[in-house]
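Two complexes are shown next, each including chain A; its partner changes from chain B in the first to chain C in the second.
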Partner chain A sequence: MSGGIIGGDEVGAMVIDVGSYTTRAGYAGEDMPKADFPSYVGIIEEYADKVESMDISTNATNGEIIKSSEAENKSNKKYYLDPLSLRTPKPHMQVQSYVKDGLIEDWDLFEKVLDYTFSKHLRCDPSNHPILFTEPVMNPKQKREKLCELIFEKYQAPGFYLSKNAVLSAFASSRTSGLVLDCGAVHTTAVPIHDGYVLNKAVAQSPLGGEFILTQSKQLLDEMNVELVPYYQVKSKETVKQNEPARFIRKEINDLTDSYKRFMLKETLLDFSTHVLQVSDSTYNEHEISVLPRISYEFPNGYNTDFGEQRFKIPEALFNRSFLKGVNQNALLDVVHLITSSINMCDAELRSGFFSNIMVVGGNSLLIGFMDRLNYEFNHMNYKTKISAPPSAAERRFSSWVGGSILGSLGTFHQLWISKQEYEETGRVIVDKKCV
Partner chain B sequence: MSSGVKVDPECIEAFNQFKLGKKDAFLLFGFNSNATKIIVLHKEVKLPDDQKKNKNEQWENLINMLPSNDVRYAVADVHYNTSEGPRTDMVFVTWAPETATIKQRMLMASSKDALKNALVGCRTTIQACCYPDLDLKSVVEKFKGTLD
Partner chain C sequence: MNSDVRDILEINDRNSPKQSKKKKAKRLIESVKRPQGVHREVWGLISTDDPGQPPLIPAEEPKLYKHPKAKLRYGVRKWHWVGFKNPARTDSATFYHWRCVNDDPEKEYPFAKYNKKIQFQTYNETEYNQYLKDENWSKEETDYLFDLCQTYDLKFFVIHDRWDSSLFQDKKRTIDELKDRYYKVTGLLQKLRGVDESKIYVFDLEHEQKRREQLEKLFNRTKEQVEEEVYLVEELKKIEVRKKEREKKHQEVSKLLTAASDLDNTRTLNNLLKVKQLENKTNSINNPVNKAQKIKQRKNSVNSNDGSTSAASANKPLSTKPSTLPSQSENLVSPSSVSSSVAESKSIKKPVVFKTIAESAGIKFPDTKLSGVSLRSFKTKLPQSVGLKKIKAIEQLLDELQIEHKPIATESVCDKFNELRSEIVLLYELQQALTGCEYELQALKHRYEPVLTAKNIDMSLFDIPESNSALLNSLTSANTPQKRISEIFDVSITPGTGPLERRRKAALNQTNLMKRLRGRNAS
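Right after this comes the complex of A and B.
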């Protein structure tokens, strides 16, 4: 690749892509992020009576007074930021996410994460590198400005740029117009893009994302009376035959917080769903599916059983709302309707262009059979459709990071950064002018 | 959002020549070696009318000249028929095959606006990612016309 030449005036930018499940960070020009870590942080407070003040802080977004008093309390808190120590059970450790609904919510926590990212993952001084952030399509003005301010005021970065994650994904697959279906952890979003700009009014979002699949898996396991024991509770286990009760010794750790337990339960469910679940390649048909081979899965405690129809039933809800359990079905849109309703909100002239350029990105689309099913569903429509997705799993998960990485590495892109000088002249509103 | 890549003035000149419709059948644009500018890579000379079997004959040449592992922009004329008689229209083609590197494709996508805005009067864009995308029949459909 002619990478060396393109990076003629090397700017050494950093690219950070914050997601609901993980955050990706690395240097522009590389084809993979240097770090991909959970968007969760473990916190231990020295004094248990401080817990209340923390609850307030997570709810307060712009209460300056609460912020400053909270900053004083910070000295008593201990943070666990790397994935390993986050997962190690520790008494009284709360696990908190700084991202809510795909947006950065807890700025103090986010600052800690950035500090850690710069010092440990990227090992660099942020004041020497311009920083490119990706942002969700729905990012409100106030959060964009806050991020801009944080990067310039606290980290003294020489340059900053924000760009929409869906646009980056589209550019990375060489399209300037098309519909990006982003299957994330919390949301599935359909984003129509025309000539490099997001058509904001036609963005459709549905909470049927990865987390939803995990909740449904939990429900299934509860119904089957499978006790889900995360790894950290298993001291030792014996091999048992299929469907026999597990024989294992439980490790007793006291004073674990609910948030830690929930986090670990999710991790266990994630392993289960990546290995077991599959999307049926045509409309769910119990009879046809019952003849397919069953898949055996061993839970952390040694209990193992095999799954047949259930494997298909859970992800089927992404395509067919009647498979949803315990939620209001009418309030949610399945994947196909999400795409069609988003496209139908656009100008009539553009619609056929969107149907023939559907790009699928995001970790949740890695469910086995997801793409086949999507193709199947659209074959039944009157439109000429073409659905594409980045070829490798990593590229699909990191598509917006990769897009940002390339953009940030272009020698010509440095003219577009918001420079520190521009920020100082105009203030934080500059982000609304320069990063559209 | 754009990459900041500049359009070489030569491109605009070549395009204005092309619009006059005298000499060129199509134009190919690409990046210079350090990817700071978009330059003209090729001008295909128009065959005289009496040597042509059909008007769109040189469309095939255009497709053949698109590399399978690099990105290009192109401007060409498409001839088609409507219920109101024969028409000719200009199309702007962006070419980015899946086999090109991501970097090239990203560069192509993020610089497209710069070139497109410089080429005044070229309204219809075709995003081509594989050779079938450039099938003349589907191109003509964009103009709601037919080939015969």
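Right after this comes the complex of A and C.
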């Protein structure tokens, strides 16, 4: 029993938190994940006759390439997993995500990622370490079972556990009850948690997440006739005055795949939205906002312009559905309604507790002014509300991983692991019994 | 040589401890020897023979930690990565953790003791069929409930959330129904097993449902309703504060009235005695009788007002007054009224000693017994506690009555003079209270005019007689309706006039007081 943490007992557990945008992996008991990499993988399909590519992959110095030769089959796939090599333009490289709607979709790809994570990021043999996985609230049964099977059959882990990411986020804020508002890349989800259990029937979800903000940003830039040129296309550029057309030399790279282009465009948009967008701190008011100073932003190709009320309009859609563009407005719930409707679905006895215990996590909540606006909206309610969020950006992004890290290093938790022995006795369904 | 070796090996030489001590002492003395270049005379001044004193010359010493090495209690311990079995687990899975080599390997896993399980009552087929059958619940459903209870450690919110009603023909269960069923079954089983009945938890379904309903209502309040509630609570607090204030004021007024009536009683009693004793000298006491009449008059006016401010607890002699009032108001100056009122008060109240009452209100003249010789006129000196306003009032009234401000201080004159002034002050206070009450009534009237017209309440209840004589006239009839006013006061919302504002207005009225007094006197 190690002495460091009260109630803690390290068993060398690993915590892996798969998200729509990035995946986090690290050892339980640490305060930050060892690795945080995009949930995207670059793939180049090659044919067996190109022998020299094999050499490259085996001699890969920076360990970014994993080569799989499937039983010396005719098609060899090269996978680019680390953030740097993923973003480097390469001909014919497809960028694929193994996560769809927050759930693991492409299992082969995910296996590759796990291989890579264990060997390069965590540098360990998974058969020596129990593994704690996070899962989204609405994870279907067969996906849980599949993951359980994978971990035990392929990686021979001594233990495995699945925990809901919202619950772990609550643990990271040292609470076992409360409402977690998870502002993720794909979804914004309000999850009521009671005594460490998710109240499944009261979960509210809306697709107004980070991706939505990006598409709205794209629409805005299209409307403004701004040509988005990602960094990899810019060879050199000159400084130009504001609103003047950009003067830059385009780097010509042939055979780039569409998926890669899309991925890089998204990255550029992400940069744009994190720097420019802001949530107005009270209900959107064109007149008030036009007084505020405009923010200037320089695009990768050197074109720069400033943004005024547009930068408020896009994230305003998170709070006011009438700002949605080109989407069916009625089908979506804004953030405030998400919270209130979720709480309203709970038992009357729990409601006041949830209102006074709202935890905001997730990368999308890092939009400037998001918390202020949320506080403003809830000041108007007649219930006593308290909204909290992890203080640092990293903690907010990694909150469920941090919660997993805490859980995985607790001395009292080690009775909950699904052990290999249990798995062998009961089979994959054990995950439904033990991880409730 | 030998000792050197011993020194090096740090072996204690038992034979030569003394020697070494001597040596050390010698060395110390040597170390403070006169440094070169210092004159002997100078050295003689600064050096002492005692080596324990701090050196005058700063000496540079190598800086050292107090403890060159951290002192661990048990030194460096070895830890190793070992497998352990957790008795809290149902299987015998081994996980690995770091453990101190010194720890007992057979020791139970320290966190296993936190694995607390709820003791569940279980039932078997026959028990269920015999005792636990319920037309509302099938056995399967009950089994399912107990299964969930076990899985979720009786967290009924979670159990209710996970309850899959599709398994039972979509029969929706409320959380209270689940609880009710669980506690009923458990209670029955416990009874069967012979558990003390007082220890069995009884779930009150009806109460819980009602409570949940109320919670729901409480939660569904609109913002306006919540605000209204807050507002009402605040208003209630205000009302209570006003009520207290009014009670306090009423106490003050009634104290004044008691004093006045007591004075009145004793005065008339006194008069009667005097009348009996000095039948021929009635003229000489005519003046005081007049005064008593006046006081009574004042008191009555206050009394009427007092009734309006909910004077339910008016003192005894006052409560009998109204019946005597008409005759009094008719024969203001006639001595017969005096005797009648005396007869009244005699029948109710025992005669009180004269002196003590004169002091109960008005001025309290200190019973000064100055040491040595003193002038008798000292007796007539007003005590310090009498305020400037009162002094002025006394002077004014004395002027009215054409009485000297400093009469010749014979024994009886002193007593009478003091008595007179005391009464003047009482009169003044009563008048003040009256104006205060009148003002308040006016204020309330203005405030409630719209409310009352809306409620169709007769405004005449609030009509205040303008002058005192009119007030007296109205007293004959106004007593009962005024009680009704008092009822209105108690239930209605307090007037918003702050105490400060009221005080200021009352002060304004006071300035008119003396004028009125004078006017009344003249009439």
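Worth a mention:
One rule holds in what follows: the second predicted complex is superposed on the first by the 399 of 436 C-alpha atoms of A that agree within 3 Å, B and C clash if a C-alpha of one lies under 4 Å from a C-alpha of the other, contacts with A are read in each partner's own complex, and residues count from 1 in each chain.
In the analysis below, a residue touches a chain if its C-beta (ideal position, glycine included) is under 8 Å from a C-beta of that chain, and two chains touch if they have at least 3 such contacts.
Just so you know, these numbers come straight off a predicted model, no measurement behind them.
In the overlay built on the shared chain, the residue A:K201 is in contact with chain C alone; chain B does not reach it.
With both structures placed on the common chain, the touch criterion links A:V436 to chain B and to chain C. In the superposed model, A:S388 makes contact with chain B only, not with chain C. When the shared chain is aligned, no partner comes close enough to touch A:L269: not chain B, not chain C. Look at A:R175: by the touch rule set out above, it reaches chain B but stays clear of chain C.
Legend: residue contacts after superposition of the two complexes on their common chain; A:H414 is shown touching both chain B and chain C.
Of the two partner chains, chain B is the only one that A:I406 touches; chain C does not reach it. Touched by chain B in one complex and by chain C in the other are residues 1-2, 195, 410-412, 414-415, 436 of chain A.
Within the complex formed with chain C, the chain A residues making contact are 1-2, 7, 9-12, 128, 130, 158-159, 194-195, 197, 199-202, 346-352, 381-383, 410-412, 414-415, 417, 419-422, 425, 436.
Listed in rising order, the residues of chain C touching chain A in the complex are 79, 86, 88-89, 91-100, 103, 109-112, 114-115, 151-152, 155, 157-158, 160-162, 175, 212, 215-216, 218-219, 221-223, 226-227.
Against chain A, in their complex, chain B makes its touches with residues 1-6, 33-36, 71, 94, 96, 98, 100-103, 105-110, 112-113, 116, 125, 127, 129.
The residues of chain A lying in touch with chain B in their complex are 1-3, 5-6, 8, 31, 163-164, 167, 170-178, 195-196, 357, 388, 391, 395, 402-403, 406-407, 409-416, 435-436.
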